[in-house]
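Presented below are the structures under discussion, each in the form of structure tokens.
One chain, subunit A, links the two complexes that follow: it is found with subunit B in the first and with subunit C in the second.
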Partner chain A sequence: MDADQPLLEIRDLRTHFHIRQGTVRAVDGVSLSVFPGQTLAIVGESGCGKSITAQSILRILPRAGRIEHGHIHLQLSAGGPGRGEIVDLVGLNPKGSAMREIRGGEIGMIFQEPMSTFSPVYTIGHQIAEAARLHRTADDIEPRELVLDMLAHVGFAHPDRTWSQYPHELSGGMRQRAMIAMALIGRPRILIADEPTTALDVTTEAQILRLMKGLQAEFGMAIIFITHDLGVVARMADQVAVMYLGNIVEQGDVDTVFHAPRHPYLKALLRSVPRLDPAENIGLEPISGMVPDPFSRPAGCPFHPRCPEFMPGTCDTAVPQLLPAVAEPGRTRAACHLYT
Partner chain B sequence: MTQYIIKRILLFIPMLFVISMLVFVLIQLPPGDYLTTVLMRMAESGEEVDQALIEGLTRQYGLDRPLYRQYLLWISNIVFRGNFGRSFEWGMPVADIIWERLAWTVVLSLGSIVFIWIVSFPIGVYSATHQYSFFDYLVTLFGFLGKATPNFLLALILMWAGWSWFGWTMGGLFSPEYQREAWSWAKFVDLLKHLWVPLVVLGTAGTANLIRILRSNLLDELEKPYVQAARAKGVSEFKLIWKYPVRIAINPFISGIGGVLPELISGAAIVSIVLSLPTTGPVMLNALLSQDMYLAGSFLLMLATLALIGTLISDILLALLDPRIRQGV
Partner chain C sequence: MTAQTPAGTEATILRVRDLRMHFPIQKGFLRRTVGWIKAVDGVDLELGRGQTLGLVGESGCGKTTTARCILGGYEVTDGEILFNDPELGWVDIASISKDEMFSVRRNAQIILQDPYGSLNPRMTVLDIVGEPLLINGIRGSEREQRVAELLSLVGLRPEYMSRYPHAFSGGQRQRIGIARALALQPQMVICDEPVSALDVSIQAQILNLLEELQDRFGLAYLFVAHQLNVVSHICDRVAVMYVGKVVESAPTGQLYDRPRHPYTEALLSSVPRPDPRNQADEIVLEGEVADPANPPSGCLFHPRCRYAVEQCRLEEPELRPATAGHFVRCHLADDLELMGVSAPAA
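Presenting the complex of A and B:
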């Protein structure tokens, strides 16, 4: 497998929601690449479309949501039934068997709320084993053995006991570990983590993040890490994509994004993060204004009503492109008229 | 689990005692007693009222004793001798009157629960998983109609329609020629021919209700993260729906059992009169009107017992269904 070849490549994805009040362009022209073994962080405020992007990849959008445009190319694993072919997930039937093979088998997902991502009426073991039965059919090992092994991997001291426990008997952090075990039991090559630590306290968060890094090193999977927490991004990511109102406004490797941000939104976002460092303690600076109403997106650059560097006549008329078109080392790609 | 059930059954005993006292007090609350009703009727029809006869009857029925003595006599006869007393109006032991009617009531109740479940379960699930589809709207329309139509009116309409279009008589549970026959296959078939009418009448409102409840519950559950998580691990859509959200949304089916028995017995009285069904409703209504206190009291006591049993069954089933209830979280 070529490490330069992306595992997953999203091209100009547009996912819209058609509801009674109108159309919400939740994702509106997102392009991303995910490389083997790397972590891509998607950062943004609530409602910026980061979770919808993830749900578009797995084709598990809510009923009102539809992919209107774009491609999601996934390179199937060479050992699997797809034999290393590249498929466009947008072209697959979301309820079809090909898509179901991919869910959990090629791409696993963990969710924000460990409290409610397990059904309360089945045991942890039963629910993880269900995924094992779906995706580990080639293995000659009992699903129970696979599950116990995976539970031990994610840090359960007594997998035997956990097997027969119900979700309500585990703490939030333990449930998130169990969730990770369920997502990884099918040995996916990509793990989508949708705010996996948002509902946890900081100590537990640190443990879960460490666990994910360790598992990534062990299994070699790529991670798409969705979060609004820039601190988590700094710890986890190789590549970062910053989203605002359904668009990627800045993209680059993690060091460049933090040390040489270009887009006014990212700069403002970085200034709004509290710091403990006294030298730089110049007070918190909130971003002025509010995220616009989803039904009335601003014309031109979606950020222009809140932008400190707003240029009348340019920013409110033309939509900026993500430039430069091809990534250059030491420089992020930004969608802003300041750099065109 | 076994401990839980035993504990619940033991709790029945004090509960039944309290209920029996309440029942006895309640049926004694209206002014007068059975004898005043008899006297009134006699006076109305112009008969001579013999004072000595009245006193004799009063003593015979124990109506001259204080309330608590009457209660103790009644309850100890039930507990120690299985004797529910005599009905004043029918002139025979209460036990002879109620058992068969109670049996039919239970048959009809269970039958209509099964009817309600069979009809509302698939429709409710379909309606929720195909929200705002044509069928969903259709079911919703019929659901509201079914819920808004009083049972007895539905019974009258069905009887009228059956008679004027097909020449069927739908009252009762048997055709006249089988009424006094011993049980046979032909009689059973005849029963089934008649049974569907009360089942439909009694079940319609409950069905409409349960479809609405199941639909809204399931709509809530379908949005839950655990459904998405199950989908994200590659479970097929059909299996997913039945295994995950439906399993949670069927709670009202189970918890409804407890309420169905007493509801059918009290609410079905008018339907039973209209359809002339041999259930408890009409007789109980009469017993209450004429202050036939041992008959009415026994009925009420039986109904309370049925309600308790129904609640126990639904509690046990709920505990089996949901580990959080089982473990007392």
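Presenting the complex of A and C:
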């Protein structure tokens, strides 16, 4: 596998929701690349479009949502039925067999709320074995063996006991582990994690984050980590994309994003997070105003009404592009007129 | 926690002593009590006027139950909740009469976590913020006048008074909740996870507003939260709870720099920090939080503690002073050299 070749490449993705009150441009021109074995964090506040981006990749959008434009190129695994071909997920039928193969087989997904992943009326073992039967047909091993092995990998001390337990019998952290086991049973090369630790306590969160890092090192999968928590981004990510109102406003490697941010939104976001060390806590500088209503998106740069460096005549007329066009080391790509 | 302030001085507004709140576990047709969930089982707190005391811990540790007990929400099992009421003087909320509670409620208010669930969708902002005024006999245009003042105080436009909660964003709703809490000019406000449901840019606005209001009115806050960075920012003192007990309490700087309880150390090291160059070497706790219905012997934390010795399994530690103003419930507090937040990352 070529590490320079992206596994997944999103080009100018636009996902819009057509509802009674009008059209919401939830994702409006997002381009991203995911490389083998790397973690890409997509970070932003509620309503920025980070979850819709993930749902667009897996083609599991709510009924009102439609991909209006763009490509999502996925390189299929060489050993699988796709034989290393590149497919455009936008062109596939969301309910078709090709997409079903990809979900769970090529791309696994975990969510914030494990109870929505598991059915309450079947045992954990039964449900994960079902996923194993769908995606591990080439293996000679019994699904039960595969499942017990995976449960041990994600940290269950007694996998055979867990096999026959129901989801409600597990604690929040343990359910999250079971969900990770189910997502990884098909050995996907990409794992999409949508706020996987948001509902957990901080010590449980630390356990799950460490587990995900360990499993990534072991299985070599790429992770798309969707979160609103800048602390989690700093701990987990290799690459970071910051979203605001359906656009990526800044993108770069994790160190540069935190230490040389360029977009006023990201700078302001970093100044508004309270620090853990009381000695570092001077004053919080909140971002004025709030995220605009999705039906009345500002013209030009979507951040301009809240931006401290707003330039009248420029920011409210033209939409800024992510620049430089090609990533340079030690520099982030920012969509801001200050840098054009 | 009475070391730094002698009993009865005016500087203290709330003093909780050995609070216990046990809930019965009932089973069967006759609802026989088969056991007790010790949700709160030994909480000592002291809150000074104009000060902010953080009460932190993970879900199920009893921090919200403690807050509810303080506002008279439960008949407590044991312990004292002494409140320094400006009209009544010191009263024990754990054994108070209804009339006295009416006065206490004027002076002790609460801000809740969920800005959606805590406002009645069928009431206008005027009715929501004005309800405490109505109960205390303030009506008509005087009430409207007062609500308008309250709204501008929390950064909302008074014209919005006749709107319903659905017309407001999460941050604005939290401002409405704050206006309601301040309507009767209380001395103490319990903030139960007031910013947990908000986005970070809005969270900073609300934290700054709470600080401004504290400076202006000399409010005392009991700040219940699980976000340790928020607590670090806003609190003067912090008490850490684990399975119903306060395990450590100290001035914020001391607690974060030099924690003395292994649980506090693990908790602080677990917080992901927004800086890839400064990630603590996190101490991952094994296993799960103890069950408050079936707690382990000795120190409740010993099955997960990496420093535990034989004594920890056998004897339950007491909350005792380690240094002035720094209390800790650990047998080994004097022997351990624990890692704080400013220690260089290993």
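A few comments on the model shown:
As a convention for this text, the second predicted complex is superposed on the first by the 334 of 340 C-alpha atoms of A that agree within 3 Å, B and C clash if a C-alpha of one lies under 4 Å from a C-alpha of the other, contacts with A are read in each partner's own complex, and residues count from 1 in each chain.
Basically, a residue touches a chain if its C-beta (ideal position, glycine included) is under 8 Å from a C-beta of that chain, and two chains touch if they have at least 3 such contacts.
On a predicted model such as this, the values are computed, not experimentally measured, just so you know.
Following the overlay on subunit A, a side-by-side fit with no clash is recorded for the pair subunit B and subunit C. Ranking subunit B and subunit C by residues of subunit A touched puts C first.
When the two complexes are overlaid on their common chain A, residue A:Ser272 makes contact with subunit C while staying clear of subunit B.
Shared-chain residue A:Ile60: touches subunit B; no touch with subunit C. When the two structures are aligned on the shared chain, A:Met150 is found in touch with neither subunit B nor subunit C. Residue contacts after overlaying the shared chain place A:Ala129 against neither subunit B nor subunit C. By the touch criterion defined above, A:Ala26 lies against neither subunit B nor subunit C after alignment on the C-alpha atoms of chain A. Of the two partner chains placed by superposition, only subunit C is touched by A:Val254; subunit B is not.
Residue contacts after overlaying the shared chain place A:Gln207 against subunit C, while subunit B stays out of touching range. Once the two complexes are laid over each other on the shared chain, residue contacts for A:Phe111 go to subunit B alone; subunit C is not touched.
Shortest separation of subunit B and subunit C in the overlay equals 10 Å (C-alpha atoms, whole Å).
Common to the subunit B and subunit C interfaces on subunit A is no residue. Note for the complex: subunit B touches subunit A at residues 131, 223-226, 228-237, 244, 247-248, 321-324, 327, 329.
Interface of subunit A with subunit B (complex): residues 58, 60, 62-63, 95, 97, 100-105, 108-109, 111-113, 116-121, 127, 130-131, 134-135, 166, 168-169, 179, 182-183, 186.
Only residues 45-46, 171, 173-174, 201-207, 209-210, 228-237, 254-255, 258-259, 268-270, 272-279, 281, 283-287, 290-291 of subunit A touch subunit C when the two sit together in their complex. By the touch rule above, subunit C contacts subunit A in their complex via residues 58-59, 169, 171-172, 199-205, 207-208, 226-230, 232-234, 252-253, 256-257, 266-277, 279, 282, 284-285, 288, 341-342.
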